[in-house]
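Next come two complexes built around chain A: one with chain B, the other with chain C.
Our next item is the complex of A and B:
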């Protein structure tokens, strides 16, 4: 009995979430704004990735919504760099949901033909289950997490449109089997773009930013759609 | 309305979970078995920590229950090392709960005066909310995750009895501010034991294993209690 009730409530929550996510997506699409849901484990380097991408988005304005359980450390850092950043604190919740994002999007003034990055809670499980209005799901993974992550946390890898494999500068010091990692990724997801990056050296971000700029161009021309 | 229903169901789930967790705890306590709930982000080094601790548990038998969404990679590795390991797959769920652990504990034959490690799903958020019958909550964090984690994911740090700060061999290659990290830890948790470890060099595990052996001795003498 308990399980049935639990499942029904979860389905209701997911239905309601998807409805609001579609509404957010439509609103952003109309304004030519590409929305990127940035996911990854705690410490994968999501904020570092955003800093590196945003400075390489030639001529495009970027906005960031930072999702954290508590604290505004990343938002303050981005603001200090002159990046327009806004904080959502969930105070316990393990992922962002579409209603949280809708409230924030409705309260800020986003320019047309831009990119909105939404950095989700650091969590390789729950955020992958909830759409928040994005056109692109970006998964940041790092070599320090180990090469078995696609096998252990399949949903995030399955749903990603873009995988940033970060901290490649640390490869000499950790056991990371790239072949095993990519085999796991491709078993789940044939099409995701994969970029190998380093927040230390900056490598790989130029290519990742170029791909996002191209996606943003599609959005601007009204050709964007959910996912790939 | 929706939120009220959600909260009520969650409270019901937590009550039921805590009831079963207390039952598991009592059963293990009666048999002098110290139960350790091993938590941490994906890739923090939980399994590596277990391998390093278990070989240093002088004369104590250890059992491991591995929690993973999918795969049995870690269980197979532990079995290969001669460690008695058992797999729980949650197929989607982001944390272990007490009913899952109770079913497993009831189905395996645990010797008296031993240690049972339960490796939770790699997730710095949700597992901290659910007791699973443990006497000790062990949090594995790694320097590669960054020093801001206690500020962003406070509950896991607040509830830990024991914090293993892992991958200290990588400190020369990453920006990790230990003073800031420890300030965050101590603001939440004055008493947790903190051990600095490296899966590469083995440093720190001797001390951590000694502390666990002492806790297990208390369990064996019937002096154990939940947490510290």
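Our next item is the complex of A and C:
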């Protein structure tokens, strides 16, 4: 009979993903490319937010990697608007991970000093758990989802560097308690920038685009930081 | 929701350390899983039985230590478990802030033969 022995491991299950994410981040940083991981529930308005932001980026070239379980509807729409967009289909997986993103980033030609948006799978849970090489985690929430979301899905709000509260034009028609929402956001995250926007009217996107342009400017000067 | 690929990764790490220890099979894997890690222990256990077949981990016992998430009160310093729909400290009512307690997700040790 063989002896049973204990082996001390202490290895994170996501260490390999995080290592690849750091590699992607380093590669993009070297080229002055700001990488934004766009997270949010299905229907929060992630693609609409991207369309509104990109047209206000004032000469900064933007690229989009669209993550979807199936279909390329959003990619086709962005391409139709003249936006350089690329599709990742996960065929069931609930989030993008770093190896998927690395493979796509390695296969496309990204210009220097630009901004790369990666629209994650519509899901308020899993995308927050996986780094994909981003410098900025952008969370798109909307008033129609309800003001309790920071309390129910705390990790996404905790990890965000930037929160876009979308569909504010619908506030008169829904019971959205903004004070309760912001109390939850600030308990979890003291530093995230919060922008109130409407994909319908365009309200709020000028300010959000200006902040991203400033972050991209930092990227060009090599002052980027990894996302949380 | 993503326990299948995660379980594959657990098996890959355990096999690597088993081989490093110059052993032939894994008998036990001790996992530490924070309740805020987003991973469900029962699902990992279910997938583990199926995926580990034919690997060095086949038949291994999977032991999962769960860690309850804790917030830290910025006012009085108390560590506490939050109540649903609230972040308030039970001691002083100030809103607690997130900590890393409850986000753990790692293999602590394995037993090999």
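By our rule, the second predicted complex is superposed on the first by the 213 of 228 C-alpha atoms of A that agree within 3 Å, B and C clash if a C-alpha of one lies under 4 Å from a C-alpha of the other, contacts with A are read in each partner's own complex, and residues count from 1 in each chain.
Quick note on the criterion: contacts are C-beta pairs under 8 Å (C-beta built on N, C-alpha and C of every residue); 3 or more make two chains touch, one makes a residue touch a chain.
Model, not experiment: these values are computed from the prediction.
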Which partner chains sit in contact with A:42 here, chain B, chain C, both or neither? Use first/second/both/neither. first
After lining up the shared chain so the two structures overlap, which partner does A:62 touch, if you call chain B first and chain C second: first, second, both or neither? neither
Please indicate which partner A:188 is in contact with in the superposed arrangement: first for chain B, second for chain C, both, or neither. second
Would you sort A:70 into first (chain B), second (chain C), both or neither based on which partner it touches? first
Counting only touches as set out at the top, which of chain B and chain C does A:132 meet: first, second, both, neither? neither
Would you check which partner chain A:158 touches, where first means chain B only, second means chain C only, and both and neither mean what they say? second
Taking the superposition as given, does A:14 touch the first partner, chain B, the second, chain C, both, or neither? second
Which parts of chain A are touched by chain B and by chain C alike? 2, 5-6, 9, 12-13, 16, 94, 123, 125-126, 148, 151, 154-155
In the complex, chain A residues that touch chain C: 2-14, 16, 93-95, 97, 123, 125-126, 128-129, 148, 151, 154-155, 158, 183-184, 186-188, 190
Quick one: in the complex, what on chain C touches chain A? 1-2, 5-6, 9-10, 13-14, 17-18, 20-21, 23-24, 27, 36-38, 84-87, 95-98, 105-113
Chain A partner contacts - residues on chain B that touch it in the complex: 2, 5-6, 9, 12-13, 16, 41-43, 68-71, 73, 92, 94, 121-126, 142, 144-146, 148-149, 151-155, 167, 169-170, 173-174
